[in-house]
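Below you'll find a set of structures to go through.
Common to both upcoming complexes is chain A, partnered first by chain B, then by chain C.
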Partner chain A sequence: DGVAVLPAPQNLSVQSTNMKHVLTWSPVTVPEEIVHYSVEYQGEYESLYTSHIWIPSIWCSPTQRPECDITEDITATVSYSLRVRATLGSLTSTWSTLKHRFNQNSTILTPPGMEITMDGFHLLIKLEDLGPHFEFFVSYWRREPGAKEHIKVVRPGVLPVYLETVEPGAAYCVKARTFVKAIGRHSAFSPTECVKVQGEALPL
Partner chain B sequence: GLRRCLISMNLHRVEESFRGIKTAIQAKDTFQNVTILSPSETLHGIKPLDVCCVTKNLLAFYVDRVFKDHQELNPQIMRKISSLANSFLYMQKTLQQCQNLCHCRQEATNATRIIHDNYDQLEVRSAAVKSLGELDVFLAWIDKHHRGTSAAS
Partner chain C sequence: GLKTLHLGSCVITTNLQGIRSGFSEIRDSVQAKDEIIDVRILRKTQSLQGTKPADQCCLLHHILRLYLDRVFKNYQPPDHHIFRKVSRLANSLLTIKKDLRLCHAHMSCPCGEEAKEKYSQILSHFEELPPQAVVVKALGELDILLQWMEEA
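On to the complex of A and B.
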């Protein structure tokens, strides 16, 4: 077993946005050498019931970069412990463990990107593809006093979405937000976007 | 309507994790003519009123016994079992939020005891492997009986 003379990676932290989770750390540098890293994780279950078991990260055991996409390692809404060590040939550092356990329910949810288009007199919306976790709540209304707001729930992967058949000369507004059932949270709404339909308004 | 204590979770990912290990795990099961979950004696006869209690008891069965008793060296399978175990832990937490609605009648307790008795009949590693191999039975049962609006969360 390699003697632990390599310094252990420092400054571990997780950045998580829209259910994509990346673990980063400060690189361990050895002049003219390539240091590799190994990442392992432990879910809350392992911590409680089998604390001796650590599971190699699917993409980063080993890796050369001082970061690791742990999205596919985090598969439940429980807290996870993460650790990293450096390796250079037979030399191995000690493990560095993330100070605070990570739970995917802390991910930052951003308003979805959206594009409003017209297909003839059909109002359509195209939404940013954020992956299988995401549903979208689309709110749309005709821009006139007392107009009723409609809500449509869009499942992942359904693009673009028909919203409504519009009338010439009228204006319609749309906004959307995401919802992630796995963590029971939604994002803020996107900025409202309005479109004016070509042609003369129909006589009353 | 009657508020129910349900698991409001997308089981798709859990089922996907199980499909990833089903063949490998079931291949290790050397007692093919024996069943642990005995669905006909246990799960098929469960009434709506007992769904929450049986779910809670079987989640505990897997979390406290099966996942612990199974020893795995293959990293791919380890990952899938970890995903299952942590998802079951999450489901347990979800049910705890409405445990005042989760009463255990004798029928539910009897069904759970049959499963534990079956488990105890086998050597522990064999029992754990068989129980893991039967997870699709339990997941299908959860999927069928936990639809609708949950009082939890």
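On to the complex of A and C.
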């Protein structure tokens, strides 16, 4: 097939957002052939104590696409080495290793999507499901001078969340941010959203 | 949330819940292969709780080093699934050990006689057993070590 040596994949890099980590690389192309790739990783422990040992990625050993979801391979907050090689039939390239080790504490945390709704006189919030790593800090207050800000911690999977019983004619504002305990970091707050409750304000 | 470990004047936070859930995924299959059921390496008499606070950091630091140097390193996982789970545990415990080393650097992890004595007892229990069997037993006893940490 005219390919004496299979070139190794190049340009390895990791994109990580909200604890979803994807390793990508430039594809190795051989006309009219399907090249497969194998991904392996080493945690800091393996690098320090058993450096000859590499662990096959759970989803990408092998794979046909020039990318790999390594989220389930990265299971501790330590730095990981990652490597990829190409395979075509009996031909196998050398390994290409990610230049800089990856640590999940560098993931980009985005403000959570949220939806504020009313159920009768109950103020509810529905939050974006970002997976088991995420807790949410929801901050809400009644929009009036000197109003007290309340904080509610929402665990994964508990949606929508009751925030408060509201009064007719009043306005309430809400914002939220995420917290990931595995890396001890939180996102920025989402933009504040305010809602006006129908009906006449109650006489004092 | 995160668990704060109070080990004398060394205070660290760790995702112990995550480690515990990782271990529970392999505990039954690892413990099922432990052939020496009438002996324990981590005994109550050497527990963290039974150790004076000032020595707890040093004792835990030494136990973690034992696990990282001689248990995870020599454990032969039966398949890739277990292999990945053990890697997660090893890397998570490495994170704790690095935190304890910071305490050591800040003089808040002293090694008194009690810590040395208890660790040497644990080491002798460990070294009395056949090499491959002791690795399997020690891995199964992570249950005990995690409990000691949860109670710290």
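In the analysis below, the second predicted complex is superposed on the first by the 200 of 204 C-alpha atoms of A that agree within 3 Å, B and C clash if a C-alpha of one lies under 4 Å from a C-alpha of the other, contacts with A are read in each partner's own complex, and residues count from 1 in each chain.
Criterion: a contact is a pair of C-beta atoms (placed from the backbone, for glycine too) under 8 Å apart; a residue touches a chain by one contact, two chains touch by 3 or more.
Everything numeric here is computed off the predicted structure, so don't read it as measured data.
J.: In the superposition on chain A, see if there is space for chain B and chain C together, and answer fit or clash.
T.: Verdict on chain A: clash between chain B and chain C.
J.: Where does A:Tyr162 make contact in the superposed view: on chain B (first), on chain C (second), on both, or on neither?
T.: Neither partner.
J.: With both complexes superposed on chain A, which partner does A:Gly184 reach: first (chain B), second (chain C), both or neither?
T.: both
J.: According to the stated criteria, A:Tyr45 is in contact with first (chain B), second (chain C), both, or neither; which is it?
T.: Both partners.
J.: So in the superposed three-chain picture, is A:Glu135 touching just chain B, just chain C, both, or none of them (first/second/both/neither)?
T.: second
J.: Just to be sure I follow: which residues of chain A are touched by chain B in one complex and then by chain C in the other one?
T.: After superposing on chain A, chain A residues 43-46, 48-50, 55-56, 58, 73, 75-78, 181-182, 184 contact both chain B and chain C.
J.: Per the contact definition, I'd like the list of chain B residues that touch chain A in the complex.
T.: So the residues of chain B touching chain A come out as 8-10, 13, 17, 63-64, 67-68, 75, 78-79, 82-83, 85-90, 93, 153.
J.: What does chain C use to touch chain A in their complex?
T.: These residues of chain C touch chain A: 1-2, 13, 15, 18, 22, 68-69, 72-73, 80, 83-84, 87-88, 90-92, 94-95.
J.: Which residues, counting only chain A, touch chain B once they are in their complex?
T.: Per the touch definition, chain A meets chain B at residues 43-46, 48-50, 53, 55-56, 58, 73, 75-78, 181-182, 184.
J.: List the residues on chain A that touch chain C in their complex, please.
T.: Contacts found on chain A: 43-46, 48-50, 55-56, 58, 73, 75-78, 135, 181-182, 184.
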